[in-house]
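A, B, C and D are the chain letters, set down in written order, and residue numbers restart from 1 in every chain.
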Amino acid sequence: MTTQEPDRFDRVDWDEISRSRWFDPSINGVGVLATAIPLLLVALYDWLVLDERTPTLDPVGLGWDVGTVDYLFLFTLSLFAFYIVLPLFQHPRRTRYYWREFRRNRPAVVSLGWLGVVFVGGILGPFLVSAPEQSILTGYQPPVFLSIDESYVSTCVGDIVGGRCQGTWRHPLGTTAGGKDVFAGIVHGMTISMQIGFITTTIVASIGIAVGTVSAYAGGWVDEVLMRFVDVVLSFPTLLMFLLVLYIYGAGLGMFILVFSAFAWGGTARYVRSKSLSIAEAEFIKANRISGASTYRVVRRHVAPNAASSIITQLTLLIPGFLLAEAQLAFLGLGDSAIPSWGQLISAGRSDLSFAPWIVLAPGMVLFLTILAFNFLGDALLDALNPEAEAENA
Amino acid sequence: MTDEPVLSVRDLEKHYPIRKGIFNRQVGVARAVDGISFDIGPGETLGLVGESGCGKSTAASSIVRLEEPTAGEVVFNGNGRGGASRDPGGSHPNDVTRFSDAELKEFRRGVQMIFQDPSSSFDPRMTVGGAVAEPLAVHGMSDRRRRRAIVEDLLERVGLSAEDYDRYPHEFSGGQKQRIALARALVLNPDLIIADEPVSALDVSIQAEILSLVDDLQAEFGLSLLFISHDMSVIRRISDRVAVMYLGEIVEVGPTDGVFADPRHPYTEALLSSIPTPDPRSSLGGIELTGTVPSPTDPPSGCRFHTRCHRVIQPDGIDVDQSDWRGILNFRDRVADGRIDVESVRENAAGAAGTPTDEDIGDRLRAEFDIADEINDPDVESALQEAIDRLLAGDEEGAATLLSERFTTPCAATAPERTVHAEGHESSCLRHRSEHAVAADHADD
Amino acid sequence: MTSPPLLEVEGLTTTFDTDGGTLTAVDGVDFSVDEGETVCIVGESGSGKTVATESITRLVREPPGRVAGTVRFKGRDLLAMPDDELREIRGDEIAHVFQNPQESMNHCYTVGWQIAEALRVHRDVSDDEARARATDLLDRVGIANASARFDDYPHELSGGQKQRAMIAMALVGDPDLLIADEPTTALDVTVQAQILKLLDELQAEFGMGVLFVTHDLGVVAQIADRIVVMYAGKVMERGGVLDVFDHPAHPYTRRLLDCVPELGGDGGGIPGTLPDPRDPPDGCRFAPRCAHAEPACRTDGQPEEIDVRPGQRVSCVHYRDGRDPSVLGEDPAGAGSDSNEVTSGDD
Amino acid sequence: MGFGRYVVARTLWAAAVSLIITTITFLLLAAAPNPQVQEAATQAALQGGDPAEAAERARELRGLDEPLYVRYADFVRGVYTLDWGWAESRSQPVTEALAQGLYYTAQYSVPWTILTVLIGPLVGVYSAANMYSWKDHAATGFAFFGYAIPNFFFGIILLLIFGVWLEAIPIVYNTDVPVFSVRNAVQLAVPVFVLVTGSIGAIMRVSRNESAEFQNADFMKTAKAKGVSPLRAYAYHVMRPTLVPLSTTLVGQLLALFLGSSLLVEVVFGIPGIGRVTYDALIAQDTNLVLGSTLAFTFVAVVGNLLEDIVFTVLDPRISYDDR
């Protein structure tokens, strides 16, 4: 670098520069690829080499059998890490600014904390807390500090004081009729909730952004056809469609995620389209086009990131809908009863409500708080990411 | 070669199709830009002025092909493309409208734009340094440090500091953002900058600063400038030459001093007289334009300005007061559109004094259109009175027919040609018919 | 001037509570408007001129805003008045026309309905009467085919027509005072000329006092009888339009006039930016941007206003007793040329 | 002028959407193994018959051996002529079963919808008028609580409190009481309350945010400058424009809740409405009834979206019918 003579815009030899071209990938893309490729290899190995009953990680001595949902979950986690979390560190100045805006909303900060707990619990929990196991003998154990009439429990783990079985720290939130530990159930339910949240959101966002931007940029009949299609998708009563699919094909977690993301992207697509159209009108987009940037570059560098910051809010508000839907179906006994979700737990305790309310209340409260937290978070993000508010404060 | 203009626009047109209904049938076109021609020489500033909606911004985006022009030719001789001559087929190798993608990208290094709204000029998620450096990256400068060095130097040149590189757009005031926009426009070292109302969102005091900065940079780097504004005083301050646009056409073009001192087109005259003079001793007034502003979907025939022109020509055989003539034509157009509600006129007249007679209403109508109570030409007077009578009798169609048969203007029949008044000063008005008209086709000059 | 002025504003102070502290938009401003007179408040955007006029009838949102001082209108203090009494005056005796006709009309109602509403809230009129009056006013402000336009929605009118309709709305109660806040800024010059002319005619016809806010010195020169120059919430200078244009006293006024090349100024603009209204400078508000500022300018608050000519007052330390204001430069409009002679070639 | 044509065009589109959904439903069904055919085969196998033959006969009986397009045509004709088949689990026509369910569903849906539509926007605008005061915070808190708490969970808790502990309401809905009676009102109060809390939150939030925007709009300043009283200003200048964006949310929200939560609420409270009919049909594997209720809900959604679009166009004078 020449120190005496700093580079000046009017001394650039463009002929020389335009002859040299090279690929310049971003660290974010490299990161995602670096995690996705091994993941894909493991998945292929799992699928092609190992037989169905061998757990995937058996060769390395672990008993974890990675399923399709798990692969998707890991992939979306890497997307989250490299395209949402990493950029926050790459642009500290902007992060600080958003954080200042966000911090003003105190319930949202608390919500973020709670979601952090659910997130960490969902990822690490299954490795720390063993899955709840059936054990009829220790059914209806009360939560710690509470008690239950002796007649309901066959074996009381804690002390029996005055004919009432006392709760213990072995089952901090008590057990179900089948003796499954409620606390362990909630922790494992976090994983399910996180998987539902992350995977459906990623699928919805991908389809929504793709359809929305294509619609906005292609215009004409492509736009017309796509938006009519979105109309149809939006007219579907998702829950009923799911009932029908489940009635016909039976339901697992994967099916649930598939159906819900297949019917939930309509709103996102519409939103992205209108957002892209309004961003495309902005003068900075014209300025970029006039600089010679290709449509692809403009969309990738400017339209998509700007639309994304608004979509994040919208997606944040979609997640509680998925969690709620899963819980509703589980409650109706229509979900996959093998999945340790919060909804399953609630439905399991429903008939014992009058004497063992914790089986319903504990997971119900966790579900409620999680949905509440997502709503507060979405509300705060809306304010913090709102460009108009930025202009006013400037 | 020295006389070669940097930019030469010929008969540029941009028409927007108007579609309606379920099948998106095209039901018409909006002639936003309808055949404009002008040149900009090296280091020269051309001011393009006109009311909002006259097509000036569309012209700018068509020239740089942000939008594809419908027809016409834009020859760009900057970027070392100068000296080319026309192909035998008549097309020009430097015609922007025929550029391939690669040529277009190279052309973008030669022409840059500045926009009106400082608040939407920058990606809110990008540092201003990043935004200014973006064009460098687009054109393949992959060395980040080099980009940064260039941009920091440039930020200082436009009156900011190198430390501003890492700040975000919302941290700057409107005036500062326009400086940054100027830096972004300069970063590729273009030959021509198109500034689309760059100061109209700013305060006068800031306006003046930005204009001085533009002046200085232009002098230092020999830039050519196409400066678009609706503000005549800004245009006067910055331009070497002025082009006045009305409804998609350029009605007058000439050296700034010439046009301001001696406007030859009635529209320019009206525009100039509308600027409030900052002299407390002069009285309010100037030429008030009457009649309705036509839509570009259905521009008036002949001279497009004739529906509002205060100098609209009277045909042979009619010689009335000019303001009466304007009033009669306005009256005619309004009757023809069926937009005169006799009842409401009657009601309003009733408020003044009891039951209004037909005469009262007639007077009221005349007053509304600034027509004298009695026109000095008896033929005209009787025809007008006849039309008013028919209108009051409820025969709207009859009145319309009579008016349109009786009162016509040559301005509606003939499209005016360019007339040269002085060196480089031309305008298109039928009143100049007797003067020497230029040939309709423009050779390369 | 023996009779009291129509409007007399004294010590008007408007503050806003914001997250970043208290923002003083208008800081102890005095001015008055006589019957039939046009007073212009001039200043850059952010100088507090709009807030000042909106504070007169307490249109600013309270909270976060707070208005203090006295505003005497026909002898009554508007700021001390109960809300319902003030409402009787708004739209009836004092009318407003705002800058942006597009946003100032409710898009859900017809133009005529909105004009008639002003009448309906003040007078007990039948629908027909309200309609007749509104149509008449639309006609008066030069909207062709008024009775048909009555039923149009705002989006069906052009910008100029909307502003005419806004003026019609203001005139509904035959106001004694019309407050016009940059009514022509959003319009084309040709339309601006029409609107200014219309206001001029209507003022003569209705005999209203007009308080006109603008940053356009051309408009000021055309319509003002007197001028109040505001900067950062304070009055810098005031006086008859001829006095201020011919002999601008305050350095800020001089720089402002210099921005207009037609007045022979250098058009160099005013370097620097407005001070932060949450933390204004100690002395004269303009001192940080003033070429002639000296230590005395930076302490003791905004200087007292001093008479420089009958009716012309200025708030500048250079005019204090025993000082020679000629250090500011002699000739009014051309004053700026001494500091910057190199600029040329722009005409 | 264009309004009539717009309505016609929009209605035709709604009809097209309903046909598309019917088609998709048909394809889903056609692609899946039919549980009744399988059952017949199983039965035959258990009784020592030929399962393949039995399956064939069962298929023939239900017309499943016809070519796909014939079955499709029959299916579509059946759907649109309301010939929805026989509900085996209830031994009555599907339409009749649905009509019976509707009778109970309407009893709580009507009061719930009316309450939501009336209270939601009012509280929202009120909340915006008192923004950042304790009233606003209280309303916001309630709104968040309402849409965060799962309806079925809330229902269970209230049932636990009022049904089990206080014994104020029957644990299972009592169909014997007359429709217009205090006892019916009491037993419906809790489900209605649950649904109102669930639906009102979103509507309050939307009307609060939208009206907050409008009450800061320039035209409010104009109204104030005209001397309009605050009450009138809110009623005319804030409420009216708020209804435009609200109309798009309102219908959507109510529909989503109606289609989703009514099922849950009916199951929780034991109300024999359409939701319960659907649920029972699912459990009983009654294909015709499942299909019928799905279609019924789908058509409600289609009609709801149609109404939403039309209301929106009527409310916003800026929309020109030609543009859509």
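By our rule, a contact is a pair of C-beta atoms (placed from the backbone, for glycine too) under 8 Å apart; a residue touches a chain by one contact, two chains touch by 3 or more.
On a predicted model such as this, the values are computed, not experimentally measured, just so you know.
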Applying the touch definition from the top, give me the chains sitting in contact with each of chain B and chain D. A, C
Select, from all pairs of chains, the pair with the highest number of C-beta pairs in contact. B-C
Need the CA-centroid distance for the pair chain C / chain D, whole Å please. 55
So how far apart, in whole Å, are chain A and chain D when each is placed at the average of its C-alpha atoms? 27
Centroid from C-alpha atoms only, then distance chain B to chain C, rounded to Å. What do you get? 30
How big is the gap, in whole Å, between where the Cα atoms of chain A centre and where those of chain B centre? 53
If you look at chain A, which of its residues touch at least two other chains? none
Where in chain D do residues touch at least two different other chains? none
Which part of chain C faces chain B closely enough to touch in the complex? 44-45, 132, 135-136, 139, 144-148, 158, 188-190, 192-194, 196-197, 200, 215-224, 241-242, 245, 255-263, 267-271, 273, 343, 345-347
The chain D residues in contact with chain A across the complex are 13, 17, 20-21, 25, 28-29, 32, 144-145, 147-150, 152-153, 156-157, 159-160, 164, 255, 259-261, 263-264, 267, 278-279, 282, 285, 290-291, 293-294, 297-298, 301-302, 305
Applying the document's contact rule, which stretches of chain C touch chain D when the two form their complex? 54, 57, 59, 61, 84, 87-92, 95-96, 98, 100, 103-109, 114, 117-118, 121-122, 153, 155, 166, 169
Please give the residue numbers of chain A that touch chain D in the complex, ascending. 228, 231-232, 234-237, 239-241, 243-245, 247-249, 320, 324-325, 327-328, 331-332, 334, 346, 350, 353-354, 357, 360-361, 364, 367-368, 371-372, 375-376
Complex interface listing, chain D residues touching chain C: 216-219, 221-229, 232, 236-237, 240-241, 244, 315-318
